[in-house]
Amino acid sequence: MWDRFRLFPEQASTLAGKVDSLFLLLVLISAFFAGLIFLLVAVFAIKYRRRSDTERPRPIHGSTGLEIFWTVIPLGITLTVFGWGATLYFTMSRPPATSMEVFVVGKQWMWKFQHPTGQREINELHVPLNRPVKLTMTSEDVIHSFFVPAFRMKFDVVPGRYTTTWFQATKTGDFHLFCSQYCGTSHALMGGRVVVMEQGDYERWLSGAVSEESLAAAGEKLFGRLGCSSCHQRVGTGRGPSLVGLFGNRVKLTTGETVGADETYIRESILNPQAKIVAGYPPIMPTFKGLISEEGLIQIIAYIKSLRIEEKAKAEP
Amino acid sequence: MAEHPSTLAHQFDDVEQQHEASNLGMWVFLITEIMFFGGVFTLFTVYVSAYPEAFAQGSGHLDLALGTVNTAVLLGSSFTMAMAVRSAQTGRRNGQVVYLLLTMFLGLVFLGIKAVEYLHKFEQHLVPGPNFSFASPLAKNVQLFFSFYFAMTGLHALHMIVGVGILAVLLVQAWRGRYTADYCTPVEVSGLYWHFVDIVWIFLFPFLYLVARHAT
Amino acid sequence: MTHNIVPSRIYLRVFVALLLLTAITVGASFYDLGGGRLHYLNAIVAMTIAVSKATLVVLYFMHVRYSSRLTWVFVGAGVFWLMILIVLTLSDVFTRHWIPVFPPWGSTGPR
Amino acid sequence: MSTSVGEWRQHYLNAGYSVRSWLLTTDHKRIAILYLASITLFFLLGGVLAGLLRLELLTPHGDLVQAETYNKLFTLHGITMIFFFLIPSIPAVLGNFLVPMMIGARDLAFPRLNLASWYVYVLGGSFTIVAAVTGGVDTGWTFYTPYSSTYANTNVILTALGVFITGFSSILTGLNFIVTIHKMRAPGLTWSRLPLFIWAHYATSLIMVLGTPVLAVTILLVALERGLGIGIFDPVLGGDPVLFQHLFWFYSHPAVYIMILPSMGVVSELIACFSRKRIFGYNVVAFSSLMIAALGFLVWGHHMFVSSQSMYAGMIFSLLSFLVAIPSAIKVFNWTATLYKGSIAYQTPMLYAFGFIGLFTIGGLTGLFLATLAVDVHVHDTYFVVAHFHYIMVGGAIMGYLGGLHFWWPKMTGRMYPEGWARVAAAILFVGFNLTFFPQFILGFLGMPRRYHVYPPEWQILNVLSSAGASILGVGYLLPVIYLLWSLRYGAIAGPNPWGATGLEWQTPSPPPTDNFEKTPVVTEEAYAYSLPEASRG
């Protein structure tokens, strides 16, 4: 019971130290103010204890100066903490451009992971050391939350949309993975571990793990099987817009707006094609809701992303 | 205390205090009603901006003529209610009875028309649930629209039914000549409630019937 | 007890105004007031008319125009609190896609 | 005015002995007693559930109860404690009893609505109890969609209706208080002369009236979604489950202030009385109650920093959350300053007030951690949050409630409680509380998620400490139940003003007559005029 007892959680990501510094600052602020209040209350309570039942202390109505003093000081402190916290949160919200990607699907009560190279894992995620990892997450049923305490990282996994978060591990080893959003009966058992490995070990693991085909390749097959390719042709003009070079660029819609083509946009366009119609194309695409699983969606998105890279490669030989 | 009129509750000092308290009480209650319906309006605002197309298709399947007639009917009932309150304030018994009857009648007409609309929706399989069917690629989102339609108009109709019940009580008391220029707080306060229910409809009507109609 | 008795003709005028506004809002809904970027113009017109109608009812039928400051404060507070609910909720919904999930648009992107 | 011991005097308790005279009473004091009895039952129920939860968490394996049972236990614990104990606790018991008395009125503005609110409460409670015994409910008190609307297969609808119904009891209480405070104050009792207890209840009532309806409609939509298949939060139809969270927290965050503000009001009265001083910065403390009520509505999004809410909204909500900390801090500073050069007595109510200041300070300061965006990402939905809100709700709200109950017990019953026992109980509670909940801060920081019945073994020591504290806490809560009941029969007879306190409620006999005052009092001075010699005459 006493082995591995600790008061301070392990720091295993680039963000952990930063979050902990802010946490410690808050601990210091709290200790100072709590200590101050406790001390004053204790001193006053003892020093001014009632000595006779007839004593009538002189009333003090208050002091505007003091009120301003103890309004402005906490205000200043809290605004500083806010600024620091917000800056860090901004960093947490934006995965670095160099991130490797992992897709996460939560369902009652397990975590499913897919690597771009096609490896799949359940309740266990292998990642390389010192490399930012971007997680694109969705849920098949209820809301879950992906929580790795050692990385100080947590984000909800919401059905019907993609959420993203990222981390960069700084220590090798096994780390707890929890679902922190209550999700039903076996909520407490919906966890596993994140295994951080040296780059070399990771490569070995990748090659050893069973991988049928890359996500993009699986997506390409699905793309054909569902008949997408009959309208969305690689070159020339199909009935739908070409998807080459789509990902990461802006798309002009019939309403005159432009939207960024990210995972969420592509997902919406497959499941709810009428929501955002690309300018110059008729709204004829049927919905694929119910015809495609969350994992299938991820594969198709990976395929569409790969079209983008392919085009780049052609442009800059 | 010198004298305590029979219409004055024991906790109040005078009629004026009682009148002001009742009025304020009703206004506070109406604020809770604003927030109650406001919650649904907030959700509706979000969804109508997320799915304008689907909501326009759903809206297109509502009967605009009946909706407009119903709006006029309800505005009319608000007018007759205001007149009923005025009759009470001026102590005219006959006026109270006639206007209360008219208000009740218009309220019931509104509910009747609403029932007809519900029936049509039922026949057209537009009631959300397992029997819902809508021929459009956006059927799911259209179902969302009809979820709102039934939740919002249903809650509103429930308030109407309560209102008609209150009117019935008022009518009996007015018939007995209980409300005079000196004591008409119940009529005034119920009037506030009735007008509020009218206001809810004033917003429901464009939200549900007119939203993006031009787009279809 | 003193009441502020509102003349019947004021009630009648308000009623007629309400009916007219209803007719206008129904009529306006048949016209596309601005496609493309202005697609929300119809909604603005409809909401403006609805707010005007509600204001008429509140001021005249509900006598707020003739009521104490306290009533005004409470009515105002109710509307204001509803605005808090709507505005802060929309502050989330409408800004969710502001942040690009990969930086900057159209540049190198994930490799 | 005062009556000597033994002489029969008509008061609200002996005005009638039949069951009917209680169940159909419109006397705010009797309704307060009805509420006291019912919320105590719910508190004991919630307490037993808490005990079972802590017992399960003694070991990391989940060996006492199954997962399903554990989930039902914590759900019911949350629902009973929040909706059926904490929210009605001070307002419906002490507030009901004292608001009319403190402002010199004969009753609340709408006595029958007041009685109706109790019946509504009992009805809502019955729904929830029925839901619990016929299979329970396992959604957590938060009812998050789509779990509650689609996936849970427990009694969600029945429980949701119970919460929906009970909301109306809260609305009716708030409405009654607002109108009463506006319209029924005694002559001379201006707003700037009101006791801070009244200010706190006014602010609380505003929250009840403005917030509760939003919860009501939200929970109703969840029930409709489950029952009738309309799908407003259903992702399958394109609905957004995160919107449920917005509407839920729009009420449920301010609801925290429904629990803590009345307690702050009580503490203001206690500190003034037992240090015989006007509250330092009366105006600021009164105004800060309103500020808490208003700002409290602008911060709900800090429950959603990792919910996929937009980052920008997160920043707005974080900033506003820091702002709401300021008025709370101001209150604590002013209470502390009131003690300065006071004449401080250590009777039980004052011990609770000290306890309140200490625990609320810790609770409030740890709230800053949760308002800080990046830190919240780590501690959100962990035991850190559990510890934080128990410090506010149990350490703050319940300490204030118990302090107030002891303070006004002689007024309500005409009997003194046994002082020695009461001090022992207060000390036990303070120790037990900290032992229970302080380790949970550490557990949360280490990463233990809430609502887990199974956890990694390295966290067992802290959990054992917490469970040990809970057993001490249990004793601490049982003691007052026993000696307060005992005092009803054997307690010393209390005079009209045993504490030498100011305030209109102390100028009438204990227990008060049905109409509260023999003649309507006239107020000529501000609140807490403890420097005037006549104040101490009992």
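Letters are used for the chains, namely A, B, C and D, taken in the order the chains are written, and counting of residues starts over at 1 for each.
The criterion applied here is as follows: contacts are C-beta pairs under 8 Å (C-beta built on N, C-alpha and C of every residue); 3 or more make two chains touch, one makes a residue touch a chain.
Just so you know, these numbers come straight off a predicted model, no measurement behind them.
Asker: Comparing chain centres built from Cα atoms against the global Cα centre, which chain wins on proximity?
Answerer: Central by C-alpha mean position: chain D.
Asker: Rounded to the nearest whole Å, what is the centre-to-centre distance of chain C and chain D, using the mean of the C-alpha atoms as each centre?
Answerer: Chain centroid spacing, chain C to chain D, equals 36 Å.
Asker: Return the distance between the CA-based centres of chain A and chain B, expressed in whole Å.
Answerer: Once rounded, the distance between the two centres reads 45 Å.
Asker: Two-or-more-chain contact residues of chain D, please, as numbers and ranges.
Answerer: Correct list: 182, 210, 214, 236, 238-240, 242-243, 246-247, 250, 308, 311.
Asker: For chain B, jot down the residues that touch at least 2 other chains.
Answerer: In chain B, residues 20, 24, 28, 31, 34-35, 38-39, 42, 46, 50-51, 54, 140-141 touch at least two other chains, as defined above.
Asker: Can you list the residues of chain C that touch 2 or more other chains?
Answerer: Answer for chain C, listing residues that touch two or more other chains: 39, 70, 77-78, 81, 85, 89, 93-94, 99.
Asker: Just say which it is for the chain contacts: an open line, a closed ring, a star, complete, or other.
Answerer: Complete.
Asker: For the complex, which residues does chain C have touching chain D?
Answerer: 70, 77-78, 81, 84-85, 88-89, 91-96, 98-99
Asker: Chain D touches which residues of chain B in the complex?
Answerer: Against chain D, chain B makes touches at 9-13, 17, 20-21, 24-25, 28-29, 31-40, 42-43, 46-47, 50-51, 54, 128-130, 140-141, 143-144, 146-148, 150-151, 155.
Asker: Flag every residue of chain D that touches chain C in the complex, lowest number first.
Answerer: That would be residues 182, 210, 214, 240, 242-243, 246-247, 250, 297-298, 300-301, 304, 308-313, 316-317 of chain D.
Asker: Hey, which residues of chain B end up touching chain A in the complex?
Answerer: Residues 51, 53-54, 137-138, 140-141 of chain B touch chain A in their complex.
Asker: If we count contacts the way the header does, which residues on chain C are in touch with chain B in the complex?
Answerer: 1, 3, 5-6, 8, 11-12, 14-15, 18-19, 22, 25-26, 29-33, 39, 42-43, 46-47, 49-50, 53-54, 57-58, 60-62, 67-68, 70-71, 74-75, 77-79, 81-82, 85-86, 89-90, 93-94
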